[in-house]
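Okay, here's the structure, questions in a sec.
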Amino acid sequence: MGTEVFLSANPVEGLEQQIVFGIATGSIYASLALALVLIYRAMEAINFAQGEMATFSTFIAWSLMANFHMSFWIAFPLVVVLSFVGGVALERVVIRPVERAPILTTILVTLGLFAIFNGLSGLIWGYTIRTFPSPFPVTPITLGGVGIGFQDLGLIGVSLVLLFLIYLFFSRTKLGLMMRAASLYPQSSRLVGVRVGWMLALGWGLSAAVGAVSGMMVAPVLSLDPSLMQSVLLFAFTAAVLGGIENPLGAVIGGITVGVLLALVGTYIPHAEDLRLVFGFIVIVLVLLFRPAGLIGRAHVTRV
Amino acid sequence: MALLELQDVVATYGSRRALHGVSMNVEEGSIVAMLGANGAGKTTTLRAITGLVKVQGAIRFDGRRITGRSTEEIARLGIAHVPEGRGTMSQLSVLENLHMGACLRRDGRAVRQDLDRVYAYFPWMKSRLAQPAALLSGGEQQMLAIARAAMMRPRLLLLDEPSLGLAPIVVRGIFKIIEAINSEQGVTILLVEQNARIALKTAGRAYVLEVGVVAVSGQARELAQDESVRRSYLGY
Amino acid sequence: MRATSLLKPGNALSLFLLLVAALAPLYVLGRFPTLEWAYVWALLIGMIGVNILTGYCGQISLGNSAFMAIGGYATAILTYRAGWNYLLTIPVAGVLASVGGVMLGIPALKLRGIYLATATFALAISAPSVIRHFDQLSGGSQGISIPPAEDPFGLVRSQALTSEQWLFYTSLVLAVVLFLFSRALLRSHVGRAFRSIRDSETAAVANGVSLTFYKTLAFAISAFYAGVAGSLYTINTAYISPDSFDVGFSLALVVGAVIGGLGTGIGPILGAVFTVWSPRYTQILFNAKPDIAFGVLLIVVMYTMPSGIAGGVYRLWAWYQRRRAAGRPKSGEDGTILLGKPAS
């Protein structure tokens, strides 16, 4: 899969710096975790291809900027919309035949998507590492005596905005209500005329769009190549599991927690760069063993 | 032409045949009851109408064939089905359940009017709109299910055993509302019931099912007065 | 058991095919294809392990690449640093890997379905970086090279066999031995216990089957097979690096086992053979990078034959039997319960 590149702050900087940095990187994990949670809520399945889809979207954004000379602020919303459409199409074409299949089938189909998107990214854009422009200026600012980059603030801001928008959507809009109902009570929803299959497709679309945002946020930091999101995916799993796999707020809190923990581990445990991934693995196992609903999530609910 | 026509409907669950050729007509604006013992096929007939079970034979709504269409498309044509078990969305609030009934409608003002009408039928709802439906009693959930169906402004309302598990006084209240929905809003009602007595008082026409076919049919009043029918099929 | 009854009429066929396989490198195959087939036998061993764990015991694990890495590195380190004869390292590799399997099995006892899949997926992703970290032992990103395999009988030195042929036979013999062992195991009460766990854990417990013991055993055995597979891989390649056994490898194992048919006797064989014939298989075997054709094939197979090729054959056979007699096929006879019917 290529080498994992980690987000790491300069270990010389102080504790507050580390924490802010951890929150910022945690926001990236949080946004991908949000995408995972959206799909899990829709169909009780984990999309293992989430990271690769996000990478693919990010490559498209890069292409638009590098080859078509679009500015970031045009490419960004365009890619988000394209990813949304792509996610909807993906569900309708690829996932729909296995919508009601047993879990192993769905897992394998998403693993197949993993392979396809990974391969496509490599095929179309190659494996050379590319730089991805950041929308935020790199100038550091000082807040309360702590030096923070605009970058960090931007990352945190984007995640919070995402979370807020998703919350609004699901709790305040009719469509959001229909999606919630469709995933929890598919048959009752059909009886009131809801096209449950399309609600699922919408969930995939939203998830793909959120994933694209996540990818475009992390690419300036990690540099763009096909293995961009793999480590992020692992930490997104960790975040989603920590926060409760059905809980969007939990995903964000989980993500930030993971980011901060990793930053602290990186600072205080020397030479532990390579161990971050396995740290994520261990956290996943521990949480699933002792608090499978997540530290914040609800107990598992039955669906009818 | 009746609003709903069933012609020789055969329904199977896997390899087991549940309906062996059911035919019935439901005229627009009427209340029709479907009666019979457990396992006679009443629930299956309703499920056949809304596409929840595979059927052979013809089911026509407003002249158009609806056999083979998906459940959601049938619902969109104007058929509301309150299933066995009520199908309330228990984690959603009372108000959200009602909104789900109206989720396809574009006429915001009329939706609000319908909500007001629902609150007139069931005054207790107004003070419990934010409560999750799971906290309601059995009777309240039944009322919520019927209200949600009414919010669809359907042309045809299918009710599966609305009296099941409820106290007689609650049942009477619910049936009054059912009559009101029919008379005030012109909704055609097809009603499955174990409680034949109250069903025959409310309905205009009735069909009695036995082992997957229609055994007897006729005016509700006449069937109620026919002792042999009551004793053989209705248990009283 | 269905698998054996399927093989009985085909027993002669199996022996014939085995003979063909044994003679092919001497008369038919060139040096490079011979080596490729050596990898196929090694892959087969890994797939048998997956079949035992997922097909028979119902535990979805995407992490077997980590155990292949343990086995591979055990062989590499013992051969390169401790001067062992590489053949002796193979069982050690298996045992060490199975220790890892037990360690995974303990938390896995409580995890199920998608959660177990996620956790083991995380293991597979994180394993290479852990290996890279302990670079004193593992040689870090540079990996370890071991001297090319020489057989103890001096056949290669005297040019009676090419080294590829020797590797081919080593892998083939091991594959046959381990396959027969797995068949015996799965026919025994252990296999019955596994299947009862897969079909219904509550029923298994009610019947006195110890979940703890048998699940852990399944993890241990499948890890052993993965370790041997990893060891053989490393011997065949004469090199190992942290990325040799990454997530893609785990996927290849699981996919191959599923496509062949989980929970069937011949599934892994079909899976290994399928992997040979699927496009760009060399990329999968040597590069361990999943790629587009692979993914597309996987999805197509999931649509049309979710129970794998063997499962599809069983279904046809069961349907045919049902038409002839009044009986219904018992569930739990094969792994099709895990994957259900093909999508309509």
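Letters A, B and C mark the chains in the order given here, with residues in each chain numbered from 1 onward.
The rule we apply is simple: contacts are C-beta pairs under 8 Å (C-beta built on N, C-alpha and C of every residue); 3 or more make two chains touch, one makes a residue touch a chain.
Predicted model, so just to flag it, every value in this text is computed and none were measured.
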| item | value |
| --- | --- |
| Which of A-C and A-B has more C-beta pairs touching across its chains | A-C |
| Farthest chain (mean CA position) relative to subunit C | B |
| Central chain (distance from its CA mean to the mean of all protein CA atoms) | A |
| For subunit B paired with subunit C, centre-to-centre distance based on mean C-alpha positions, whole Å | 55 |
| Distance between the centres, which are taken as Cα means, of subunit C and subunit A, whole angstrom | 32 |
| Subunit A and subunit B: spacing of chain centres that average the CA atoms, whole Å | 44 |
| Of all residues in subunit C, the ones touching two or more other chains | none |
| Subunit A-touching residues of subunit C, taken from the complex the two chains share | 54, 60, 62, 107, 110-111, 113-115, 117-119, 121-123, 125-130, 132-133, 141, 243, 246-248, 251, 254-255, 258, 289-299, 302-303, 306, 338-340, 343 |
| Residues on subunit A engaged by subunit C in the complex (per definition of touch) | 1-4, 44-46, 48, 94, 97-98, 101-105, 107-109, 111-120, 122-123, 230-231, 233-234, 237-238, 241, 271-278, 280-281, 284-285, 288-289, 292 |
| Of all residues in subunit B, those that touch subunit A in their complex | 50, 52, 70-72, 75-76, 80-81, 83, 87-89, 91-92, 96, 99-101, 103-104, 148-149, 152 |
| Sites on subunit A touched by subunit B in the complex | 174, 177-178, 180-181, 184-185, 187-196, 301, 304 |
